[in-house]
Amino acid sequence: MELGYPILSTVIFLPIIGGLLLLLISRANESVIKWGALAVSIVTFVVSLPLFTNFDKTTHLMQFTEGGPHKWIAAWNIHYYVGVDGISVLFVLLSTLITILCILISWNSIKDKVKEFYIALLMIEGSMIGVFCSLDFFLFYIFWEAMLIPMFLLIGVWGGPRRVYSAIKFFLYTLVGSVLMLVGIIVLYKQAQTFNILEMMSRSYPYKLQLMLFWAFFAAFAVKVPMFPVHTWLPDAHTEAPTAGSVILAAILIKMGAYGFLRFSIPMFPDAAKAMMPVMLGLSVVAIIYGGIICLAQTDLKRLIAYSSVSHMGFVTLGIFAFNSQGVEGGILQMINHGIVTGALFLCVGVIYDRTHSRVIADYGGLATPLPVYAGFFLVFTLASIGLPSMNGFIGEFLIILGGFKASKLVGVLAATGVIIGAAYMLWLYQNVFFTEVNDKVKDLKDMNGREILTLLPLLILVFWIGVYPNSFLSFMHVSVSHLLEKVNYGASADMNLAQIFIDLIR
Amino acid sequence: MVPLSWYLVLSAIVFVLGMLGFLMRRNIIIMFLSVELMLNGVNISLVAFSHYMQDLRGQVLVFMIIAVAAAEAAIGLAIIVALFRNKPTVHVDEMSELRG
Amino acid sequence: MTLNQVFFGYFAFVIVLTSLLVVTRKNPVHSVLWMLIMFFHVAALYLFLNAEFIAAIQIIVYAGAILVLYVFVIFLLNLKQEIGDEQRVGEWPVGLAIALSIGLLMLIPMAGIKVGMMGKWGVKAIEDETHTVALGKVLYTDYLLPFELASLILLVAIVGAVVLSKKKKKVEGQ
Amino acid sequence: MEYYLLIPFLPLAAFFINILLGRKILKTASHWISTLAVFGSMVIAYITVAGVIKGNTINADLYTWITSGSDFRVSVGFLIDQLTAVMLVVVTTVSFLVHVYSIGYMHGEDGYYRFFAFLSLFTFSMLMLIMSNNLLQLYFGWEAVGLCSYFLIGFYYEKKSAADAGKKAFVVNRFGDFGFGLGVIIVFLTLGTLHYLPVFEGIGGLQEKTLNIFGAQVDLITVIALLLFCGAVGKSAQVPLHVWLPDAMEGPTPVSALIHAATMVTAGVFMVARLNPIFNLSPFAMAVVAIVGGITALFAATIALVQNDIKRVVAYSTVSQLGYMMIACGVGAYSAGIFHLYTHAFFKALLFLAAGSVMHAMAGELDMQKMGGLRKYLPVTYWTMLIASFSIAGFPPLAGFFSKDEILWLAFNGGSVGKVAWGMGAVAAVLTAFYSFRLIYVTFHGKFRGTEEQRHHLHESPKVMTVPLIILCVGAIASGWIGIPQLLGDVVGLHHSNWFAHFMEPVLGHPDVHASHSTEWAVMALSIAIAVTGWLVAVWFYLRDPGIPRRLAKEHPFIYKLLWNKYYVDELYDVIIVRASKGVAKHIMVGLTDSQIIEGIVNGVPRAIGWFSEQLRKLQTGVTHRYASIMAAGLFLAFVLMFIKLWS
Amino acid sequence: MQYPDLGPIMPEIAFIAAALVVLMLELVIKRKEAIGFLAIIGIAVAMFYMKGSFGATFQSASNPQEFMFVSDGYSAFFKVIFFVNLFMSILISLKYLKIEDSLKGEYFSLLMLSTSGMMIMASSGDLIVLYLGLELMAMSTYILAGFMRNNTRSNEAAIKYFLLGAFSSAILLYGVSILYGLTGTTNIYRLAGLVAAEDVHSSPALLLSVVMIIVAFGYKVAAAPFHMWAPDVYEGAPTSVTAFMSVGPKAAGFAVMGRVFLISLSSYKVEWTTILIPVAILTMAVGNIVAIAQTNIKRMLAYSSIAHAGYAMLGIIAGTRMGLAAMMNYLLVYAFMNVGAFAIVIMLRSNVVKGDELSDYQGLAKSNPLAAALMLVFMFSLTGIPPTGGFMGKFYIFMSIIDAGYIWLAVVSVVFSAISAYFYLRIVVLMYMKDQEKVPELSLSPALSLSLIISFVMVIAMGILPSAFIDVARVVSLIL
């Protein structure tokens, strides 16, 4: 555990400081800026690797903690306190990895305001990691909101034709949600007299308060996830954002909602969460099916993938609110999976968008002939998205459906239909883009170059790594998740004699 | 002996008449005069209170109000003069360039 | 009804009447003159209330200084033409209604006020020292700060009047 | 060193080599890698099978695949027992032959490397499927073969119909897998494990347990069995999920032979057989299996009667034969089902490859009506195909006869459900013989009906294609001899009458037969009679009086149209699933809920605020009186509010 | 006769003396920028004396209870806000007034006199002093609003401000007179005990008085529905004066509100919250909603300042020490971010461009990325997005209001806060996401840059290390 440097602070602030240093570089030196940003992101990634190797998987306690007793704002009892456990550690790693890929994919596609772009990207990275590491609720909220600014700019400045509308929509949507959470945080603070997440978790709150706070937090988290009726910012934001923006949105940002449920809503308001389980499961199922079917009517490449995110995130929330270890672990793993796969799909779309500047599915067709390598990559990610065994999507979805079924038979069955729909729209997409006759517009396109292959390769490896040997990731979660479930008063006993309980349920 | 309430009712009436003038008249000068009326209403009540409470504080305040009223009149009339140079009207509803 | 009350009735009547005239006359000069009459009656009321000094400055400052200023300005602006115009704003009934309702609401509480604690400046005490001295004592001891502040306000008024009403400077440097 | 691991992983290695190096480096030499790899795994498989025959079954875990929570643990592991051994033989052998055949057939195609890569991947997946020792790995193989099938059907992806067919195959299979997956989940939730042996041990304890589905109490094992069977319905193209298989013929013919005849489509049968301890405990599920099998057999056979596309006829015949296998499983005669699977692999692969040879000669032509008289141009093809047809029609002593006869016999014995299934099977058998020979006669006899150019082009296929045909032909003749019924005695000298059933008994058991020998003789005779009848009718219709079919079609246009259009099942699905869901997506979700309702609120609130803003703005007229009045009104309202508060 | 101790009031004396010196020197000094510099020295001198003036009251010899002037931490905090406001306003004025051709020495002395009025308000211990301080501040501001006397818009702003200001003072005085009549005193601290007395407390006249006082203060802080003057005056007044007005008088208004409501009328809290809560909600609503429809940035910022008054008022409604501290902290942040925003507005005013239309901001990020970035920070700070000071300010306010039990009020105000993002974002959108039509020429000056640097640094510092500011606010809010 002794690393010789404060790893989490380094990972959080290195990109931020790096971004600020970029400010000093003259606007004219575009290549210096790019290489600088890349270097910063790579160093951050390397620095974050000990999180993977040195993580102690046998404890649910927070690890690599920093700054526990050090007060940041003494008056409000706020600390600078960071740490990770089995639930959050993987997201930190995912964030550091994805940022590198985002920088690589933007290398040639961003031509305007280059400096600002990379600064924004690094700022987002820092705040994203901050969100996952914060053990102080206030700190968490700061990072949570601070991320909005660069993201807003990323969509609005470098996005597609309707970027302004989408950026504002994204911003307001998420802001409305998170301000309600802010009120919730303060009410919670009034109860607990601390912002320390661990201490907040160790208390119990009256049921009515729990219920109220659950919904306050729900507003923030559900918008971010996004859950069913508040999902409409997502297609717009994903579609209009530049590739790097879409990737970050899909891979990391929308995970924060689900992460929030796991980190706050469930352990702090276990009774309310349990009471609201049917609602949450219901919304998740609706998201799965609705998000899936609506994909069938999309004509825009990115929009389709965006809606598919709604569906996949439905799986995530389903797993989380199933309140059993399969569901929750599946949910967490599925968050990682979705980050990898959807991130990769957006990267793929970025590759082709750089060449054609079109997102309309009908503008493509037969791409597999001129771009076989690209087709191969896209295919793998498509299949991973469908949830084919041996790829990562399967592990997550299977565990979630298993967990969901355990929680409620109907929910499990309905969620499983999502798998069918997923195959239908993704294959439809793949067919229309890569198969059938070669469209004249794409006849002369060049296949992926080395940089692009390098961008996608890590994700490809991860797809199979998780698919074939998921234990190297699942093992991070076991202890933390079972601890979480014990808190919900459901996990421990239920897991031990599961078959019996199921039979009891069956009667 | 005149009861205090008589003075107070009188002051209220004068105050309200001043307000009435302020809300109804479009001539700036008359609006100023209406404010002076309102201030006189206040003064009447203050002096009356002062008298009935055997305390001079109210009269000190009246003294100050009169001084301020003088200053106010000076500034207000200066503003009117400045305005009139640019736009020869004293009708306040014609000054609605700034709106929305 | 005592004599005091009769006198009060007269003054009150005139004050209200002239106030009404002030806010209703078309010609601002007439308004100012009605106001002058009103000020005299108010000053007389102050005399009833044992406030001779206040009564004096009511006449000296209000009637003598402020109103004269008004008259100056009115003549300066030369408002002949304006007198023929409509004198009330279009929404005057609204203003009327609001003002009257406020007035109605004010009357009952105002009439019912019971005064607070008694001070030491009873009629006797004032008569002993004369009102001017009494007020002067208070002003220069307890109320020294407000007194000084009032002077500052007058200074601001002077500066303001100069700044605002100075004639347009000849454009410099051309 | 567990040498058996090489069986699946050699083809996998071949896949990786081909997909990475094939396009740029190996190019036309790609087949070497794949073929050698498959040959290697075939050899090792034979060695392993020899071991199994000696009684050395294997059940070992490779590594723990998924763990979750304290209870969920699934390994990647291998179970090689008698059932697996049979499948190993079938899969590796047919796969190897198809690889070899493909060298000739696919010569010069674009994506040559790709074809072999996916063929290897398929072999790997199929081997993983059959060698798995748990349900989840089975599911992995299950999906992976589906995936390879998707790729290979869509091999000519620039053709829209091929791409569509691949997608259809995948999605339709997903419907089946939906049930299968749920079945797996319930198995885990009730038994706490997914490994076969503990599951089979534990399943007995679930008898009498029921599951509450929307208030109805349903027998738990029946639910599990039926859900698992859903998977089999999809994969083995049983009614009503059979629609993908005929379309799958868009793929190259070797693929049809390997995947859509010999191996992958039989995975459903394999699965039911593999899970027989579960099915055995649920008579209802068994009955469903038998009836679905019977319906499928009959249904597909009727459609095959009128099709003109040579590969589609064979494809429907495959569906029909798969129905037979299901009948067998449904009546508890698993070993008979597997036996038929095994013999079917040979003659059906042969039929496809031969059809491929015909296509090869006809430059890709598929319509039988444009062929005719090919006998003299393609002698090897003709003869091998003819033998295969006799085999499928059930002429003794060919392989098909033994396996089919056993199924019919055991079905006949299988109680009332079995009787019904037998009836359907028997009718289907007549039809089978009929359409098989119809195919032969229309294609190879009579006059050539194609274009002059095609006639010019006609030639027998190269050795690399004909040799596999011949080898398979040997199989089609002789493979049945290891399962000759007890009734006939130990004809071949395997020290055991019906050696095959005996061999499979440890895994699959055997149904009790109570009927007398004379009944069995009668049924067997009937089977032969049926086959002969079908053949004779075909001879009459297509050699003697070729006008009959057209007349029949004219006289019964309704039936003809119904059959020609495959009972309109595709159209039905198109309307109730494809169009409906797209319509819902387009008109309700995109058009209404998302854009009108949710976005209506999302954009409506700001718009309302904006409107409100404009209105409030108008209040700000710039006239001072207005401002003063509002202030005074505020004052007044505050008074009122205060008084109300005070006196309330 | 005893000579009163001038210690507590020394900062005011020093500052007013400086103002008078500035007024005199204006006659001799030709370079008017130097006068601005002198004014800044005046601030420094007053700050120097402030150190010694803590914790004392200025009172007469005759009656120790009748003190007029309180120099406590509370007032000192507000004085710092006023000084910040004045200092920044002077910095941003210099270049601007030159462009507008209105750079006169009186300008600075009026700013200083107005500020001294605010200081007196913040320190007043007696309603009479309060009134005079208020008038001193107001009169100077009336003049400043009409300072560009050749400009009809400036005239109009001045006349509207003046008329309504006089109207509201009359109402205030009426309220004060009733309070005086009911209790017999005008001392803020003594009132507290007297108001609590049963017969005063239940008197309907007290209601009348409180309502009138609320209206008058509401006018000063531009709370709805007494805010109507603000947009017009802010738009018409010289931009530098607008910056000054939007912070100083507002802060002064809150300072006296804090003192009067939480000390004199603390026993009457239930009643005045009945009025203040709707007023606060209405203020936030009007400010945030009407701002959306604006096309003039000064006007938009005017509505924004109305909205911010609503938030600050929540601190008063909370009625606790925490609420007060939150309000003070908020006003300090607001001073920096608002003046910062106005500094950018002023920067855009050049000889050719008026610079106060929203469309002038189009494409600013391209032509002047630094200015755009600063404006971005100020806009996000005004919206209340971390890690800016604006967030910390709002957070503290919400915390205090929730602590006082008004959760629903907090919800309402956060929703309005989210709405406010819409119009602040519009500026950002224009700067960053629209193509530019013309390249705005910026009028930079060292003073302006300095003010921008200070406001930027402070906005960020108060967002990242708010502890110091909060602690001070907490300590000085001890008046309760």
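A, B, C, D and E label the chains in the order they appear, each numbered from 1.
Keep in mind that, in the parts below, a contact is a pair of C-beta atoms (placed from the backbone, for glycine too) under 8 Å apart; a residue touches a chain by one contact, two chains touch by 3 or more.
Given the structure is predicted, the values throughout are model-derived calculations rather than measurements.
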Review point. Can you name the chains that touch subunit D as well as subunit E?
Key: A, B, C
Exercise for review: Would you kindly say which chain has the C-alpha centre located farthest from the C-alpha centre of subunit A?
Suggested key: C
Review point. By number of C-beta pairs in contact, which chain pair leads?
Key: B-C
Review point. Based on CA centres, what chain would you say lies at the far end from subunit E?
Key: D
Study note, to complete from the structure: In whole angstrom, the CA-centroid distance of subunit A from subunit C equals 71
Exercise for review: Find the geometric centre of each of subunit B and subunit C from their Cα atoms only, then give the gap between the two centres in Å, rounded to an integer.
Suggested key: 6
**Study point:** Length of the line joining the C-alpha centres of subunit B and subunit E, rounded to whole Å
**Key:** 26
Practice item. Could you grab the centroid distance between subunit A and subunit D? Build each centroid from C-alpha atoms only and quote it in angstrom. Key: 37
Point to revise | Residue numbers of subunit C (touch at least two other chains) | key: 89, 94-95, 98-99, 102, 105-106, 110, 112-113, 115-119, 143, 146, 150, 153, 156-157, 160, 163-165, 168
Revision key, fill the gap. Contacts with two or more other chains occur in subunit A at residues 172
Practice item. Would you mind listing the residues of subunit B that make contact with two or more other chains? Key: 8, 11, 15, 18-19, 22-24, 26, 31-32, 45, 49, 53, 55, 57, 60, 64, 68, 71-72, 75, 79-80, 82, 85, 92-93, 95, 97-100
Check your understanding: Can you list every touching chain pair?
Key -> A-D, A-E, B-C, B-D, B-E, C-D, C-E, D-E
Review point. Quick one: in the complex, what on subunit C touches subunit B?
Key: 2, 4-5, 8, 12, 15-16, 19-20, 22-23, 28, 31-32, 35, 38-39, 42, 45-46, 48-51, 53-54, 57-58, 61-62, 65-66, 69-70, 73-74, 76-77, 79, 82, 85-90, 92, 94-96, 98-100, 102-103, 106-107, 110-113, 115-123, 125-126, 134-135, 138-139, 143, 146-147, 150, 153-154, 156-158, 160-161, 163-165, 168
Study note, to complete from the structure: Counting only contacts in the complex, subunit D reaches subunit A at residues 19, 23, 63-72, 136, 139-140, 143-144, 147, 150, 154, 157-160, 162-164, 166-167, 170-171, 174-175, 177-178, 181-182, 185-186, 188-192, 209-213, 220, 581-582, 584-586, 589-590, 593-594, 598-599, 602, 606
**Study point:** subunit B residues within the subunit C interface of the complex
**Key:** 1-2, 4-27, 29-30, 32-34, 36-37, 40, 43-45, 47-57, 59-60, 62-64, 66-75, 77-82, 84-85, 89-93
Practice item. Would you tell me which residues of subunit B are touching subunit E in their complex? Key: 8, 11, 15, 18-19, 22, 28, 31-32, 35, 38-39, 41-42, 45-46, 49, 53, 55, 57-58, 60-61, 64-65, 68, 71-72, 75-76, 79-80, 82-83, 85-87, 92, 95, 97-100
Point to revise | In the complex with subunit B, residue positions of subunit E that touch it | key: 128, 131-132, 135, 139, 142-143, 146, 149-153, 155-160, 162-163, 166-167, 169-171, 173-174, 176-178, 180-181, 184-186, 231-233, 235-236, 293-294, 299
